[in-house]
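Each of the two complexes below includes chain A, the first together with chain B, the second together with chain C.
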Partner chain A sequence: MSDFLMPSLGADMERGKLVEWLVKPGSEVKKGDVIAIVETHKGAFEVDIFEEGVISELCAGEGQEVPVGGVLARLMPSNSVPAIVPPPGPMAPTAVVKAPEVALAAPPSPGAPSASAKSPTVAQKVSSISPASRARAKVTPAAGRRAAELEIDPYTLKGTGIYGSVTIADVERASASQVSREASARPTRPGRGFDPLQMRQAIAAAMSRSKREIPHYYLTTTIDMGPSLSWLETFNTERPPDQRLLPATLFLKATALALREVPQFNGFWENGRFRPGSGIHIGWAVSLRGGGLIAPAVHDVDTMTLSELMSALRDLVARARGGGLRSSEMTNPSFTVTSLGERGADSVIGVIYPPQVATLGFGRIAVRPWVIDDKVTARPIVVSSLAADHRASDGHAGGLFLAAVDRLLQEPVKL
Partner chain B sequence: MNSPVAKPVRMSYREACRQAIRDALTNDPRTFLMGEDVGLYGGCYAVTKGLLDEFGPSRIRDTPLAESAFVGAGIGAAVAGMRPIVEIMTCNFSLLALDQILNNATSIAHMSGGQFAVPLVIRMATGAGRQLAAQHSHSLEGWYAHIPGLKVLAPGTVEDARHMLGSALADPNPVLIFEHIVLYNAEDELDPAVASVDIGSAKIRRPGRDVSVLTYGNSLPKALAAAETLAKEGIEAEVVDLRVLRPLDNATIFESVTRTRRCIIVDEGWKSGSISAEIAARLSEDLFFELDGPIRRICSREVPIPYSRHMEEAALPQTSAIIETARILVGSR
Partner chain C sequence: MTKAEIRQLALDILSGIAPETDPSAIAGHEDIREALDIDSMDFLNFVIALHQRTEIEIPEADYPKLFTLDGVVAYLSQ
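Now for the complex of A and B:
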């Protein structure tokens, strides 16, 4: 038996709302299956599972808010006989599953017919005064007092303390997220797209944190894209349009290989020190139509062929814009690349997405005078700019990294 | 002229106890030591070795095996103006003198309307861990902490072993000092700049933000070792040495638990009716709304302390239990 927990879909996420279950008790799941839709203030995400087994219990009802790390579902190995627990009704407490005969049981779910609905019983009156959750929830004394100060009902919260008790920290988290919820009224059952206002707030929070906490330093280098572009032209002429590569794939692959050479840019600054990323998962900044920005991860970029990378990018951008991103794509980018494309500016000096430690920007590829063998010639040029966290690395390493990107882009056939 | 800076001296808890007694005998002619085997034999834990030769039989007095008699004699001597130190071999045996301690020593000042004080100090060995079995291994200091009119001290460090006796002799009330049998061999550096210690306060031996571990006696080094391990996991335990079990230093205890909001009490006594129960009750009475988790107690198993080593170890509070309890209480963050 294992617990499937609410994933963290970004450094600033504290809780998420379970919008929709795509599995039910008894469903067999395997690694990579999308099992639920979770809404955060960045929008709705498909949550994929990393284990194989049978869903034995759904612990959160649709519409319920669950803190990061809270139990969403329980999973049993597929070969054992599952003890299936029926799903809770919307917002119902999880453990009350037996038919309610006694007072203080769960209120009947709205869809279920209730014989006693017309003439309320004493039990129902009591339960409307004192919901079932109140009898079960454990709230520490200190959390109770803090909740009163913050005008929060602690009995509605999911506890993270001993015995699942609601602690001061839980109350303060709930208060913080309530403040952000109140910032905009939302529909209770959103679609899978992004809420522009929420997105703006998420970007505001992450970028403010970045500029508040991260001592950025910046290095730029100008790269001759001649060899890359001519190789790309040859490669693309032999292929149908849907298999053609964009320069972005070369940027991504060169970045990934350079990160392999200079790994101190691939990872996270956490608790006062650098933690290396577990693979080279590059966040690819996608600007959304209607405003906003999101940087989901392309996983293990360094091991992909350019063609694989291109189709991964196409898929990712389509899903980012359509709102079908996976939780795993949001949780673990260890570096971010921004490419402005053809219509962009000459260069982009990035803001690091915390807790990552660096971001690389590519400006527009433009034909400019360039000196080769003491002669000025017209060449396609791109400015690549590294923004890096000075706590985690120094400028010398940044220089090595940019030089590696440059060198790799001069030999596209090896990418 | 530069005054010479005295260097820290390394010594054992046993040696610290002996030096404390020597000091007291040297500094005050009213002081004498009395107890079973304290003279010729040098004390059953060798604390008083050599003192008979140095101070003679009128001040280092071997007594018959009669706790009630020699504790009563000590009370009488104290009332008459002496400053006696009475040694009881182990606190299990002190029960034979409980009548003297409870009915006489603590009540004379009260019943005489304050005309008579009883400046008596009783030292006794306490605790388990040396395979001395069920009649020589119990921790009864919590019982004595129940009695008004007594002061109950539990030195857990070499410094307290060295200096608590002096403060106890200066106190007009009967004072019990519980020396833990496992600590006698503990060594530490003694700061020569410290000439005395108070016998009214608890001390924070290691600061921390996540959980207060309240303890005393031989559970103190266990708590410190646990805190060391927990720190590597990111859990900062604050170790509070109670030192004085009666009167308890509410201020220090409450201040610590108010800060950390979580509390573990480690007490070698039995859990039922223990000093840890008293502290837990005070915390829930006065600090209820500060607590962010239940109070936890780690005490000895409620059995006569076993003889065989592995069973004795299993019966006592151990470092591993403190670590495990702290992990659960603080939660993985």
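Now for the complex of A and C:
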């Protein structure tokens, strides 16, 4: 018997609202299954489970607010005869357990693969989710807000946006047709898009804590992107658009391999000491349309091919913006990367997301004068900037880390 | 596909990528990346969707021709 707890979806989360259960007592679950939808100030998340077994009891009712670490459900091994307890009403009491700020949703079972094992591809992960929950994952934040205003459940609509996401237009159309059919006595659910004001406050809280507690130090290195970009051009020429790579995938993979070499930047500062990350799970900063920022994790980046990484990034960015991020992507990033993209500024000096100990930023790739063999020549260059926690590391290690990122980007074929 | 259909297709895809905007308000010569604040991932999704819906090959080197709505219509109606 084990307890399934309300996960901490970031340092700034104190509680979450259980919006919907996708399992019931007696449901068999396996690692990676999405079992519930939880809403926080950053929007709605799919809560996935890290254990196998049978749900024996749902301890929180739909609509109930549960503190981080509070028991959501109880789980029994699948070979034992389950003693099934009926689900509670909305006012059922909840055990309050103090959980560490960043913890896995549930501890991995002894038989679970180690963090260094190859993670399933995105397609495999997606296919393990029921069609119902996959369909509900695709509502744009703007559509979610409009739907809440119009008291429409956007998750019942057919989406016409990219990846089949439900857009504002879909919501407006549904509203128009709903008005004509006024018989619908169906109770409405809360909107699941994020609230920009609450998101702002969440970012304010996390970043204030970072600047108050973390003694940051900063290092930058300018990197010649010539070899990486020519390799990318050749790679992309032979492929249809949906198999092409963006430079971001090279940044991410080079960062992951550099973290393997200099592991003291991959992990957490907790209770006055450094705790190494259990794998290289890199938070990827995604700016949200309408304001706000979220940095969900790509898991085990060091073990992925560039193509796998590109699919994972496309999937992650689409879900970050359209809804459907999973709790496992929010609980355990052990490092964060920000890439400003082709229209961004020259460089970004980051603010560390606590309790992580470092963050790496990449500016816009731009053609600039560069010296090779004593001759000035035009090259595409990028400024990489490390912000790191001086309690956990010193500048010397930071310099080694940036040098490793630079070296890895000079040999893209090995990434 | 007629030019009007191509334009409508592009607008439909863009309103899925930037749902809170009204792409039909963009002038034909405006840079859609700036007008709609879309990043390189969004732009790649735009190209993928155009390719899938029209089955026209779009090499990476031709991306700059697709930075405006007029450019998209001209490129895909060739």
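To be clear about the criterion, the second predicted complex is superposed on the first by the 316 of 415 C-alpha atoms of A that agree within 3 Å, B and C clash if a C-alpha of one lies under 4 Å from a C-alpha of the other, contacts with A are read in each partner's own complex, and residues count from 1 in each chain.
Everything that follows uses one rule, which is that contacts are C-beta pairs under 8 Å (C-beta built on N, C-alpha and C of every residue); 3 or more make two chains touch, one makes a residue touch a chain.
Note that the structure is a prediction, hence the values are computed from the model and not measured.
In the superposition on chain A, A:Arg314 contacts chain C only, with no contact to chain B. Looking at the shared chain after the overlay, A:Arg391 reaches neither chain B nor chain C.
Ranking chain B and chain C by residues of chain A touched puts C first. In the superposed model, A:Pro241 makes contact with chain C only, not with chain B.
Comparing the two interfaces of chain A, the one with chain B and the one with chain C have residues 140, 142-143, 160-162, 165, 167-168 in common. By the touch criterion given at the top, residues 140-145, 160-162, 165, 167-168, 271 of chain A touch chain B in their complex. Across the complex, chain B meets chain A through its residues 234, 261, 288-294, 328-329, 331. Remark: chain A residues 140, 142-143, 160-163, 165, 167-169, 233, 236-237, 240-242, 244, 246, 248, 287, 289-290, 313-314, 317-318, 341-343 touch chain C in the complex. In the complex of the two chains, the chain C residues touching chain A come out as 12-13, 15-20, 33-34, 37, 39-41, 44-45, 47-49, 51-52, 58-60.
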